[in-house]
Amino acid sequence: MSVAETKTEKLDGWNRPPTIEPGGEGELLEIAMGPHHPSTHGVFRMDVALDGERVMRLKPVFGYLHRNHEKIAEGAAYLASMPYTDRLDYFCSLSNNWAYALAVEKLVAQAVPERAQYIRVILAELTRIQNHASSIGFLIQEMGASGTPLMYAFREREKILDLFESLTGSRMMCNYMRFGGCRVDVSAAWLDAARKEVAGLPPFVDEFEALLTSNEILMARCQGVGVLKPDLAVNASVTGPLLRASGVNYDIRKVDHYGIYDRFKFRVPLGDHGDVYDRYMVRVLEMRESIRILEQALKDIPAGPIMDPKAKIRGFRPKPGEAYGRVEAPKGELGFYLISDGSPNPYRYRVRPPSLINLTILEDMCLGHNVADVVLIFGSVDIVLGEVDR
Amino acid sequence: MTPVASPLAGYLLLAALLFAIGLAGALTRRNAILVLIGIELMLNAANLNLVAFWRFSPHPEALTGMMFAIFSIAVAAAEAAVGLGLVISIYRHAQTTDLDQMNRMKG
Amino acid sequence: MSPVFYILAAFTVAGGLAAVLLKNTVHCALALTVAFAGLALLFLNLDAQFVGFAQILIYIGAVAILVVFAILLTRGTETPREGVFSRSWLAGLVIAACVFSALGWAVLESARALPHETAVPSVTVHDIGAALLGRYVLPLEIVALLLTSATIGAVIVAMHEKGSAH
Amino acid sequence: MLGEGILKGMAETAKNFAGSFVSADRLTTVQYPEQRIPTFENARVFPFLVYDGPDWAAGMRCVACQICEKECPPKCIYIEKSRDKKPDFVGKPQFYPARFDIDISVCMSCQICVEVCPFEAIKMDTEFELATDDRFRGLLLDRQQLAKSNEYYHQIHPTEAGEVDARLDAEKAAAAAKAKVAAQAAAKAAETAKTAPAKPAPPAGGED
Amino acid sequence: MLAAPVSTHALPAIVDQVFILFKDWLVSFLPTSWRPAAGVVLGVIAIVCVFPALFALTTVFERKGLGRMQNRYGPNRVGPYGLFQPIADGVKSLTKEDVVPLNADVMVHFLAPLTLVVTVFMGFAVLPMGRNMALVSLDAGLLFFFSMSAATELSVFMAGWSSRNKYSLLGAMRAVAQMISYEVPLLLSSVAVVMISGSLSLPKIVEAQSGYTGVFPHWYIFTPWGLASFLVFAIAATAETNRSPFDLPEGESEIVAGYHTEYSGFKFALFFLAEYLAMFSISGIGVTLFLGGWSAPLSFLNVVPSWFWFFSKVMLSIFVFIWMRGTLPRLRQDQLMNFAWKFVLPFTLLNLGVTALWRFMGEGWARWVVCSVILVGVYVLMGRVGMFKKHFGPRSYRYAE
Amino acid sequence: MKTVEEIKAAIQAAVPGAGVEFVPNPSPCAQHSLRLTPGRAVEIARFLRDDPELAFDFCSNVTGVDWLDKETSEKVKVKRTVNKTVDGVEQAVEETVEETHKHVEPGYLEAVYHLYSMAKRHGPLVIRMRTVNRTDQVELPSLTPIWRGAEFQEREVFDLYGIVFKGHPDLRRILMWDGFKDYPMRKDYVDPDDYEYEPTAHDAVLKRAQAHQAAAEK
Amino acid sequence: MDQDLKIELGKQGVFVTTLEELYNWGRRSSIWPMQFGLACCAIEMIATTMARYDLARFGAEVFRPSPRQADLMIVSGTVTKKMAPQVVRLYNQMAEPRYVIAMGACAISGGPFKQGYNVLKGIDRYIPVDVHIPGCPPRPEALMQAFITLQKKIDEQHLTGEDRPRFLDEKAQGEFPVPEPAEHDLEPPSNPGVWSAPVVIR
C-alpha cells in the first residue's frame, strides 16, 4: 500500500490533507481508536475511517488530558508554575524547566552563571537521551515486540533518573531550574556518577542498534511508511527529530544559540526519506550526538556559583512586557510565551507544545496506509499527552 | 422406516434425505450464498452415496467409489471457490446477494 | 445398522436442516459445518479414513471458511427485511419432497437386492496413493488442472471489478 | 542476506538471557519489599515539620507565618495560627500552628514550601509507602503526623540538615550575642540608672 | 495404541516403556473385550492431564524467560520460584465473572472456546510421544493432524464473529486469513517428508529417521531439503499458532486483544490454553517430522527414555517460540500475506522439487552439493530481490554541522 | 534580519493599504510586534511567508490573549459654578471640584503569532490581531491557509477564547468536549461548582468551597 | 484472616475456610492490571513493570488490553472531565471481581490540577477505589506497596457475612452511572451512590 495512490490537492500551499478515493466496496468502517486504546500513549483518540484496513480519513481528538495548565499558571506566581512545567512533557521535565526559565529570563533580562549553564546542558542532554530511548522503545512496542526494547530503554532510563533524583530529589518531576540559575549545586560525586553513566551509554546505544537497526521486520515495517515531505513539514510547523528526519536542517540549539550550545561540537543528523525508519534512526543518531555533548560538558564544567546573585526570588514582579523563549526539547520546539502586566502572576502564560503541533500532519502521513501503520506513524511522532493537551 | 435389511440402504436413505434437504434449501432460499450451501449439501450427499457403495461393494480394493468421492471433494472445493467468487463479484456489482432482486435487475 | 449410525445420521440431518432453515446466514454456515462434520464421521464409520479426514480438511477447513468469508464480505450477517425464503419457496419445497420420495422409494424397493454386511476392506493410504498415481493418474491430472483453473478463475472473477473500478 | 538482522537481534536477547544468570548488569531488578534501592539524600516526597528536642509540640520550629500556605502551588497546606505564643528555638515568643494540615492527596512534592520557609521548619520527607484504602483519614495529615524530630531529619538528609543546623546555630549565636549586648547595655543602663534617677529598665531581649 | 513389545527387560527399556507398561497393567484388570477402549480412555486422560499441566508450566516459564531476556526476574513470588503462578491464574480465571456482551450471539459465543480446545486436543491423538506412545496409530495420521488444525480456524471465526465487536471481528478475520495462508506451506513442507519417508503415519516417519551414522542421527533436518522444509515449517507453524512475529490477530497495539477481546474469565483461559496447546501439538509434529521424534540426538544417548527426548525437543522448540517473542516486532497484515504467498510458498514448491531430486539422485555427495547449492542460491536471490523490490534495506545518514 | 520597523515598511510597500501598526514591547528582550488590521491580514501573511528576503515559512506559535474591559479612572479638577448660599445669600460661586472620570476601554481578544524563518534562520517576528470586542464581534481571519501549523493552535484559541477564525478549514472545539458552552481561558470565566470536599481550603479555594456548601445547603 | 473468624468459620466447616483461602489466594496472586494509562503516573506505572522494579514478580505483568480480562484498573494520572465518562465506562466493562487503584494525587483528588476547570476532583466520585497512592507521581515502589496493600485487603475479605466484598453482594451496584458531559460540567458532578463528601468543619 503506498501513498502514491493518494491524490494531493495543492490548495494554497499544502494546506489540506490529501483526499483519497475509496477502493469501491461498501461503506467505510468507522473506528474510534482511543482514548483508552492501548497504543495511543495515554488518552488520545483517533477517529479513523477504514476501507478494509486502509485508512481513508483520520481525525485526531484531543483534550482527554486537558489539565488547564495555562489557566492555573495565570493564577499563580511565576515560580509556582515551575513545578507545573514538569508535568507538561513528563518525560522531559528538565527541558521544560529550562524552556520556562529561559522565557522568564528573557522577560526580565536575567543572566545565568556559567556553571548553571553547564548543568543545564548536561541535564537537558541526559533528558534527551532517555526520552529518545524510551520513545524508540514505545515505537517498537507498538510494532509488537513484547517489551524487550522498551525494557532496555527503561533500564538505561532508570540509571539516568537516578542521576536526576540524586541531584534534584525527584525521578520525574525535577523542578530544578530557577530564574537565573539552578536550585542546588552538583557535587563532585554527582559529576563522577554522571561521567560513569555517560561512559556506559555508547554500549547501550550499540546494543539497541544491534537489536533493532538491521532487523528485517523493522525495516519492512518502517521504511516507506508515513513519509513526510520537507516542505509540508515546514509549513505545518513540525519541529524536532520529526522535522530533521524529513531532511530539514533546523535545530534550535544551532539556530538560537541559547544556553552555551555554541561551545560544544556536535552534528545534526538528517534523514532523506522522512519515513518512520528515518525518524527512528535520527533519534538513535541524536542520542549519539548528545553523548558527545555530554562528554564535552562533563569535561569542561567550571566551578562557580549556580545562581546569579542579582536574581530576585522573593517578590518577583517583572515589568510589563512580553517574551517568547524556546528551546530544542527532545520532542521539538518547546516555547513559552509570557505576558507580564507587572503583577506577581503572569497575565498570559502560553506553552507552545511541540507534541500537539507535530500532530498537525498526522492525518497526512497516515492516509492510504494500513491501520497497523497508523499506530506506528503515531508512535514515531513521539508525543506526550501531558503536553498535547496541557 | 421399515426395517432395512442392508446397512447400505440406511446410508442411501440418509443420502437421499440430505440431498432433498440441500435441494429444498437451494430452491427456497433467497440468498445466493445459502443457495450455494444447499448445493454443497447435495454434493456431500452424493459423496456419502459413493463412499457407501464403495464400502459395501464386492471389490472394495478396487477403490472405485472412494476415488470417485475423493475427486468429487476436490471438484466441490473448486466449485465452492468459483461459486463464492461469483457471488462476491455479483455483490460488488449489485450490492445484494438476494437472488430475487438480482432477477429483477436483469443484468 | 448400529446405533452409532443413527446418532451420526441424526446429527448430520439436524445440521443440514439447520443450515437450510436458520435465519442468520452465519448460523447457517456454522450448521453446515456441523453437517460436514457428521458426514466426515459417517465416512469414518464406513472405514474410509482418508476420505473422512479429507472431508474435514477440505470442507470444514476450507469450504466453510470460504462461505463464512463470503458472507462477511457481502455483509450478509444481517437478516434481510423481506424474509429469508424466496417467493417460489413452495415450489422448491414440493420439488424437493418429490425428489426425496422418488429416491426413497427406489432405495426401499431395491433394499432387498442390496449387498449385506461385508468384511471391512483393508485399504491403507499407501494403496490410495498407489491407485491415484496408477490407475487413476489421468483423472488426477485432470482434477489438478481443474483446480488450478478454478483457483485462477476464482481469483480473476473476484479481482475483476476492482481492476475496472480504477 | 535476509534474516541476518533478525539473527543479530536474537543473539542480543540471548546474550541478555544468559547474562541474567551471571551479571548484575543484566538483571537489574531490585526485589522491592525485601531489597530496596537506597534513598538518595536529596530525595523528596512529602513535607514534614521539624521539631527540636523531645517534645514535638514544644519544639516545633513552625511559627505559623503561613508563607508556605500562600506559596504552595496546589494549595494543599492549611494553617491556623495559634492565639497564644510560645518561645521558639532562640527563645523569641512566636505563634505556633494551632492547626497544620497537609493534604498529601493533593501535594505535588514540588518543595516550594521548603524553599520559601524562612524558619527551616518544613522539610521534605523521603517516606513514600503511604498507600491506604482510607482516602479521607489516611491522606490528610495533621500537625502531629507531620511532626518529625530533627534527628530524623539528620537521618534522612544528613548534609542538608547539618547545614541547616549550622545556620540555625549561627543565628542562635547571633541572637545570643545580640541578647548579651543588649543585656550588657541593660546592665550598663541599670548602672547608670542607679546613679541617675530611676528609669524603667528595658526588657531583656527574650532571655528565657 | 500399538502393542508394547518389550523384548528385553533391561532397565532402560522398562523406563522407556514405563507408561505403556503401567497402562497395560491397569487395563489387565478389565475384561479383554474392554481393553482397547479402556486403553484409549486412559491415553486420553493422560493427554488431558499432561498437556494442560505442561501449559501451566510453560506460561510461568515463558514469563520468567521473557523476564530474563529483559533483565528482570519474572514471576517468582507465588509459590516456590513462582511456580504456583499458573494455579493462581487458573483459580482466578475460574472464579471470575463471565461477561457476555449484551448483543453477542450467546450460543456461538459459548461454543467457540469449547470447540477450539476440543479440536486442538484432538491433534494430540496421533503424536508419537515416545516409542509406542501414540494414542492412536492412524495410517493417515498426518492428514488427521492437519484436518484437526484446519478445523480450529472456524472456532476462531466463531469467537470473533459472535462477540459483535469490531476489534474481535477484525482480529478473527486476520487470524483466519493468516492461518489459511500459512496452512499451505505448512502442508507442503511436510509433504517433502512424506515423499522421502513414503508414509503418512507418524510412527513410521519417526522410525524412518531413527538410524545413526556413527553417533549422528538420520534426522531429516540434517539434509538440505529437510533443513529448508524445517525452516518453512517453523515459519508456518509460528504463523499458525499466532505467535510473534506473526501475532497480528492479537496485535494489541491495533486491535486490542483480537478475537478474544470480549471474553473474560474461564472462556478466556480456554483460549489461552488452546493457544499453548496448539503450540505444543505443532511443535510435536515438527519434532516428529524433522527432528527425529522421540529418537535420541546421539546414538549412545539411546539409554535415556524416548519420551524424555520427545518432550525435551518440544520444550526446546517452545523456548525458541518464547525467544522469538522476546525479540521480534510483528509484521503487518499485507506483509504477512505477501511473505506467505510470494516468498514462503514458491520456496516450498522449489523445495519439493529439490526433494524429488534428492530422492532420485541416489546416495552420494553429489546430491548434497546440488541440492544445497540450489536451495541456498535461490534463498539468497529471493531475499535480495525481495529487499530491493520493497525498497528496504540499510541506509546511510548525513549530518549538518 | 530586518528590524520590525523595516518589515513594517516592507509590508506597506508590498501590500498597499495594509493596516500595520508597530507595537513596542517594553520588556528587555525587545521582541516588538506588528499589529495587523484583520482585513488584509491573510495577504500580509502570504507576503511574509513568500517574500524571499523575509521568508517567514515557520509559524511557531499562535496564542490568544483576553484583554478585559479596562476601566481607567482619572481624577480631573474641574472648575464650575455652583449655586451656594454664602452668608445667607444665594450666589453663583466658581469652585474647583475633583471629579473622577471613568473611561471604559472596551476589551478585546487578541491573537498573537510568532513567526520564524527556517530557510533564513531568523526570527521571531510577532504579529497580532485584535477583535473588535469580546462579545459579538470576535472574528479574525484564519492564517491556517498560509501556515498549516496554525491549524490546531487556532482551534485551541477558538476553543478556549472564543475567537472565530474565518477561513479555518475545521474550526471545532479541540480540548473541551463539543457540547461545552463557555470559553474557559477568558479572564471572566467562572469555574463550575464542584468544590464538594476541600480539606485544605483557603483563599480563593475556600471561597468557592463555601459557596458550594451554601448552595448545597439550600 | 483474624483468628476469631477462623474459629467461627471452623464451625461452618474447614472446607469453607480453605475454599475461601484458596479463592482469596488465587485472586490476590493473579491480579492482571488493565493496560490503561492516563498521564504522568502512567509512566511510573510502566516503570514499575520494567526491569528495575518488575511488577511481574507478583504475577501482575499480564497487562490486558481488554477490560474484560483485567482485574485491576490502575487510574494512573489526571482524570479530566472529558475522560471521566470513558473511565467509568471501562470500569463498567470489567468483569467482577475488579479492583481500582487510584495512583497519584490527580487520581485521588485532582491533585495539583484540581483548580482546573476540566479536572475531575478525584475518580472516587464515580467509582469505588480500593487503594489510594499519594504522590506526584508516586515512586514505582509506592505502586508496589499499594499492590501489596491490595493483596492484603483481598486476603482479609470473607466470602460471607456483612463485610463480604462488594462483588459478592447481590444488592450492590454492578453498573455505575456514566456521567454525561453537559454545557458547563459533568452531569452528575458525582455519583451519590459511591461518594459523599465528608463534612468539613471550618
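Details
As written, the chains take the letters A, B, C, D, E, F and G, and residue 1 is the first residue of each chain.
Just so we're on the same page, contacts are C-beta pairs under 8 Å (C-beta built on N, C-alpha and C of every residue); 3 or more make two chains touch, one makes a residue touch a chain.
These numbers were taken from a predicted model, which means no experiment stands behind them.
The minimum number of touch steps linking chain D to chain F comes to 1. Interface comparison, D-G versus A-D: the higher count of C-beta contacts falls to D-G.
The chain with its Cα centre farthest from the Cα centre of chain D is B.
Averaging C-alpha coordinates per chain places the centre of chain B 5 Å away from that of chain C. With centres taken as mean Cα positions, chain B sits 63 Å from chain A. Centre to centre, using the average C-alpha position, chain A and chain C are separated by 60 Å. One finds 34 Å separating the Cα centroids of chain B and chain E.
Annotation for chain F: residues touching 2 or more other chains are 175-177, 184, 199, 201, 205. Residue positions of chain C touching 2 or more other chains: 50, 54, 62, 69, 73, 161.
Residue positions 24-25, 38, 63, 66, 68, 71, 75, 83-84, 87, 148, 151-152, 155, 158, 173, 211, 213-219, 389 of chain A each touch two or more of the other chains.
Residues 11-16, 62-63, 66, 68, 70-71, 75, 106-109, 232, 234-238, 248, 250, 255, 318-324, 326, 333, 335, 337, 339-340, 347-348, 350, 352, 356-357, 359-361, 389 of chain A are the ones touching chain F in the complex.
The touching residues of chain G, when paired with chain A in their complex, are 35-40, 42-44, 46-47, 50-52, 65, 77-78, 80, 82-83, 86-87, 90, 106, 112-113, 115-119, 136-137, 139. The touching residues of chain E, when paired with chain C in their complex, are 105, 108, 138-140, 143-144, 146-148, 150-151, 153-154, 157-158, 161, 169, 173, 176, 180, 183, 198-201. The residues of chain F lying in touch with chain G in their complex are 175-177, 179-182, 184, 189, 191-199, 201, 205-206, 209, 213. On the side of chain E, the complex with chain D involves touching residues 65, 68-73, 323-324, 326-328, 379-380, 382-384, 386-387.
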